[in-house]
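In the two complexes that follow, chain A is the common piece, with chain B as its partner first and chain C second.
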Partner chain A sequence: MRPLLLQGHERAITQIKYNREGDLILTAAKDNKPNIFFSANGERLGNLIGHNGAVWCIDVNWDSTRIITGGGDGQLKLWDLETGACISTIDNTTSARTCAFSYSGRYVMYSTDNTMGKDCEIRIIDFNDPQQVAGHGLMKTSVCTSTQKGKVTAALWWNLDDGILTGHEDGSLCIWDLRNDLDKIQRVKAHRGIINDMQYNKDSTMVITASKDNSAIVFDSDTLEELKKFPTERPVNSAAISPIFNHVLLGGGQEAREVTVTSAKQGKFDARFYHLIFEEEFGRVKDHFGPINSVAFHPDGKSYASGGEDGFVRVHHFDQTYFELTFEGEDFTPLEGGNY
Partner chain B sequence: MMKSSWADRVEFEQGDLPEPSERIDGSLKIITDYREKDGKKFKVISTYKMEKKEVAKSVAHRKSLKKFGDSKNDSAGPNPATTIVAEEIFMQFVSIRGGVEEQQETEEDLQLQAKTQLSKVVACRICKEDHWTTHCPYKNQMPSNTPLDESSRAAAAAANAASKTSDSKVERYVSPGLRDGFGGRRGESMPLTRQNRDEATVRVTNLSEDVKDSDLTELFKPFGRITRIFLAKDKITNVPKGFAFVSYERISEAQNAINHVHGYGYDNLILSVEMANKSNN
Partner chain C sequence: MVTTDSKTEPLPDSEMEMESDEEPDFSDPEDFVDQINDEELLADLYQKRPAEAEGLESVIICDNIPVIDTTEGTRFEKLKTVLQKLFRPFGDINSWEFPIGADGKNKGFMFIEYRDASCAMEAVRALNGHKLDKNHTFIVCPFTDFQKYESMSEDWHPPQPQPYKSHGNLSYFLLEPDCRDQFVVTFENGRKVTMYLHGFQEDSVLLERENFSDLAVMWSPRGTFLATFHEQGIQLWGGEKWDKVGKFKHYKVRFIDFSPCEQYLVTFNEGAVSKSTAPDLSEDERKPCVIVWDILTGQRRRTFQPSEEIMWPMFKWSHDDRYFARQGEDQIQIYETPSCGLLDMKSIKVTGVKSFSWCPTMNIMAYWVSENRDVPARVTLIEIPSRKELRSKNLYNVADCKMCWHKNGDYIAVKVDRYQKLKKEGNQTKYSGMSFNFEVFMIREKNIPVDSVELKDSCVTQLAWEPNGSKFAVVHGEGQHASVSFYQVKQASVVLMKRMEKKSCNRLLWSPNGQIILLAGLKNLNGTLEFLDTGNDFTSMVATEHFRCTDIEWDPTGRYVVTAVSAWAGDRSDNAYWIWSFQGKLLRKAAPTGYCAFLWRPRPRSLLTEEHLKEIKKNFKKYSQQFSLKDRASMSKVSKDIMEKRQRLMELHRAWLQQKHEKLEAQRSLRIELRGGIDTDTLDANPDELEEETLFILVKEESVPLPA
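Moving on, here comes the complex of A and B:
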């Protein structure tokens, strides 16, 4: 395969997402301008100018009309995808670490860091209320105080619009009930280290967590029951489940601050493919020269994008050999990918 | 002549370069661009393949959107400043079941074939097995002109196979005093401390990279009192190299450890444990 190299950023990539149809790739990085690329040819639609610091999170709504970003400058920004204009800004004292549109697009959740004496908080914006879009009267709940080590580091909506699934700095997973004032329904101690990323599979029945404790775990998203575990020998920064195969993609590598003191071979910066059921590694793609911070599968499962500490986003279209892979004991025909 | 300002010069030089041109040839779009770098002029020809795809209305609509932000002035199609086609890379397949691994197997088959062919040509004069006479494990014990009987030949074959699997190193020179014939008297007059320790040392190979000293202690403690553990590590990276030496107080303890741990699966690897003293000589 010949990857497309997208050079829209000057600093390390923090998050990559495809929109629902997969024609766009949204990338956020530690520089202040998130980018939007066309996934087919790598053409840049544009970038979003307005943040004053690192952008930690990015999400797009169901019909790809709005983008939400949260940054280290404490700003949560709502953008119009078609023009790149900023529609609304909500200021926070601390960084906005995670953000996500709900399934219907009616709500946005975001979480803030527990620095500067502030609590880590989860907040919900209801788009039916113009006051809330401007940042007033949000539903919110405190997760932990500034002295505790348990801030939200990854978040997803849970069960469509019903709740929020959060991954924490201390390695735990929590579910918060939106209909009951963000009451905590469940808490599971999943990992021994910070949870860097969480992603659902295609039908949201499973969620995969990527943790600094060198492993990724697949959970049942309803019960948070551990289904499969993928141990590696380096921190996992991001993990994704293929929409068409029983494949899991892990991206990671040694910590960025250790990169300069060891040789490149030690870094293990390759994207690794595991079989979801057998929990066995079957393939690697070696091309980043820094740890991979975020990975995402195209919704049709035929390509994937990875973004690294090196600031590059690479879009890989799989070779035919990947589709012809068969596994002993697996009687399986690929699911029909979205035909967009 | 007056020196032109820096800005003027840039403008002048740019004006000197031919205009970029664009040509459409069937499904190919060929863009010819001219650039100047380090005083040299370059002609850059980029060829793009144009494809027509049927997509959903919403996707088609987004494709027709005007670019914004820093890409506002980009023309249609990818801008080489932000989009590059990288070098060809391949997915490396790691120990998958079936599929691509066949090719490696055939290579191994070839090697095996070559070996069997070689074995037909080579026959030891001492034990009539498939190795050179100089490599025969019995060459120091047997007078070369007396042929072995059947049973000892089989033993030789087994020993030969064992030595082949354990390592394929070229046999080293062994001084006469240390050869097996003199084995009983070796080092009699020497102080026994160091000698003893070496004798009661086992070499553990095929260890995993993740193994720690403490793991080894735990593994080898049950067989006797350990006097020393040496885990070989890479000087730069400090990653274990996959072998270690474990010393006991008595040879019997070392032997006991070999009996129990040799061939034992540890961390998905089959450990190989053997006496270390031979290599130390």
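Moving on, here comes the complex of A and C:
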């Protein structure tokens, strides 16, 4: 089926997210207006106007009422999803690189860049405190440069509301404990290059990391034990795990400035599908004419969206053959009640 | 003795004046004893002091000269003249001595003193072993040899024979039951090397080495040895356990060449070796030189010190290792093995020779000479060692020639670049109105008939003979619009079989068995590949590509072909090699980081005769049945292996899931609590809240006036 082409941005896409129900797609790009689309037909619900620079990250809470965005202008903005109005703005000296709602939606974490002589910081806001929401003071802050080389480049909440899982520029993964003053619990050297993206599977039992070292790795999210590895020949910018199948989707490609030859073949910008358990590649989708910067599965697993350096977001609905695809040796019977 | 210090400062003027007035007394006092003796003082002069043996180096002895009665007639004088003629060319001669016995006959040897020792050495080198006539072969040696042998120590023992060290069967790789081929892959600039055994589904690693070689690795032509380059020389490896089977000490070797039968190795180090790297060598030995080695014994056969710049390979070998030849100014020098001396003591004089090449199966040499004023260019075939001219052909208006032998030596095709106009601009000659001729010599036919075909096109990129066939293919034209033409030799004439136009192709690669040809557009043609079956009306089997492919290599049996993007070709990204079947089916891809080169292990020529081959072809069905059975068996084994692997992974995953499942169950209530009492574990958490609305949107409004 022809993909839906969502043309809402003027510059490279930085992050795509579905809301929990899957009816909305939130997209952030290097232009200053994040967009919200209907996932079913690609119609635009609206955009969020207020940032003064590239928007690096976007997230939505579980009941789809609030959106947060962080940008290169150093602002972290809180939006009302229904009206698109900016509720609050928190100013920082450096770019807000990552942001995420906690499981309950009570907390927001974000991290800042280590530029202009500032350290990279991980900050937490508690929504129960109106002062914090208004930008007056933070609940917790942790400076991570003293012990950690390289800024945070990807972040997720860890174990519901208990902590933060961060991926760093130097390829390491860290868990920070929120209950214990954001102390570092664990550090794992996962990749040899910058970690571009991290995503949980549906029940958050595993996390997949995408790195510039040309590979994606699936970890046990509790122990950070490496479960599966997917090596490719190009930098991986984003990776996602299918909510319904044991499939993994990787998006990436040679960085635009490193592609010396004007041929899409050289860059290898395909979205690639691997089997999660067997680590075997089984499909590719040729689409973008630049590297893919972000991929996301629809929560129902029947479609996915990819956003590229070319500024387009494409929504692909899988053909029937995809659902009929079987792997010899795979007993695909989900555990009872395992559909988390 | 007066001692003066040369470093004393010049005397001031006032003292100089004083000197003129009165002569000071310089003589030593009576009891003066010199503290320094002459040896110390004049060490440099003493070193040059004439010794008793001085001049002996320039004396040589020549034995085995004819014995003649000197009292009888002028025959002795004649002999003297002959000998003088022989020995004079090497330098000025100071004196001759022909000892004469009491009976009036000369003693059968003579002494010659040259003015210069180097001339004497040259004479020894050149004339030792010279045949004056049937019964007289000279033994020429320097006079100093006598001293050398006199001072030989008495208790000399002949060297103990070294026990034979077996390296096992060096051809063991040919005994592989499934005839699987080996190959070697080098990466990270040639330092890392991995040896593989090609497999039906997977390649198994035989050997993995880091820092195996300084430069690269190279197979010998029959695949027996693998050569590695090191600071100190060349190392050969072979046998089942990859033992060191040969070591050739030649510092900083950059180029090597094997003889076709693997008996000799030629090595060359470009640039002189510094004293610090090789303190054990003399000044002379450190100069760049070309060495011919005997591979089995490890001995030097001959050393050449090239005076001018050389093109590698410096020597071209005949197919049976008996001769090797190089081209010089107006001559071809052919050396004979094992002596490594010039064949018949003289090179072949060919005025204006441009290039030559050996027939791959017979001792026939082809060369061509360029045009010179009114003398036309000429291609000649001669037989070695008789030097008999077998065939020659004059060619007119020739700018350049390229000779291309058929693998079996059945034919030689000479590509002749012909011009219509010629313009001389200073030292450069410019040709215009180019056309191309192919002169095909049919070596096996009586009198060697020649046929020629003409091709009018802007350029001819490559000509390639079909191995084991009578076809040749030519790429002509430029870039994307090149054409490929196939010609066949039929009853002593060459006919065009097929011309394919607009092929993006710059390289032709025949399968080693013929029939299948791979047309490739390497490098700037982006790696297009086309597999053609020339035995079946030139049908294109597969047209595909390996993007920016730089190298292609057929395996020696013609079953597989490898396309590769090498880091050595300047492309740093996407370094990989792909293995294809000869039908153009992609079997495997591998992308080791910093991949450099892929080399199939060569195989020697088949020992089967024509009849044998025919027999096999006749019973093809019988054999193919056996093989397809084997294939199926290995196929099912592989799929079984994959299934086993998958099952193992599945088991692991299931165990992991079970463990996570328990944790998730335990956390369930917490999750519900965190989200305000709503269970969001399923996608549509509150299906009751969902409402479906249908909206009608007015898209367009139009008012149309009704007709009155």
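In this section, the second predicted complex is superposed on the first by the 317 of 340 C-alpha atoms of A that agree within 3 Å, B and C clash if a C-alpha of one lies under 4 Å from a C-alpha of the other, contacts with A are read in each partner's own complex, and residues count from 1 in each chain.
Simple rule for what comes next: a contact is a pair of C-beta atoms (placed from the backbone, for glycine too) under 8 Å apart; a residue touches a chain by one contact, two chains touch by 3 or more.
Predicted model, so just to flag it, every value in this text is computed and none were measured.
The superposition on chain A brings chain B into a clash with chain C. In the superposed model, A:300 lies in contact with chain C only, and not with chain B. For chain A, the partner that touches more of its residues is B, with chain B and chain C as the two candidates. In the superposition on chain A, A:179 contacts neither chain B nor chain C. Residue contacts after overlaying the shared chain place A:233 against chain B and chain C alike.
Within the superposed three-chain model, A:103 lies in touch with chain C and out of touch with chain B [touch as defined at top].
In the superposed model, A:282 makes contact with chain B only, not with chain C. Residue contacts after overlaying the shared chain place A:48 against chain B, while chain C stays out of touching range. In the superposed model, A:21 makes contact with both chain B and chain C. Judged by the touch definition given at the top, the superposed model places A:327 against both chain B and chain C. Of 315-323, 387-395 or 639-647, the chain C stretch that intrudes into chain B once chain A is superposed is 315-323 (criterion: clashing C-alpha atoms). On chain A, the patch touched by chain B and the patch touched by chain C overlap at residues 21, 63, 233, 263, 266, 327-329, 340. Chain contact summary for the complex, chain B toward chain A: residues 53, 55-56, 58-59, 62-63, 65-72, 74, 77-79, 81-100, 209-210, 236-237, 239. The residues of chain A lying in touch with chain B in their complex are 1-8, 21, 23-24, 33, 35, 37-38, 40-49, 63-64, 81-85, 233, 262-263, 266, 270, 273, 280-287, 314, 316, 318-319, 321-322, 324-329, 340. Taken in their complex, chain A has these residues touching chain C: 20-22, 62-63, 103-106, 160-161, 203, 205, 220, 222, 227, 233, 246, 254, 258, 261, 263, 265-266, 277-279, 299-300, 327-331, 335, 337-340.
Residues 526, 547-548, 573-574, 576, 591, 642-643, 645-647, 649-650, 653, 656-658, 660-661, 663-665, 667, 670-671, 674-676, 680-685 of chain C are the ones that touch chain A when the two sit in their complex.
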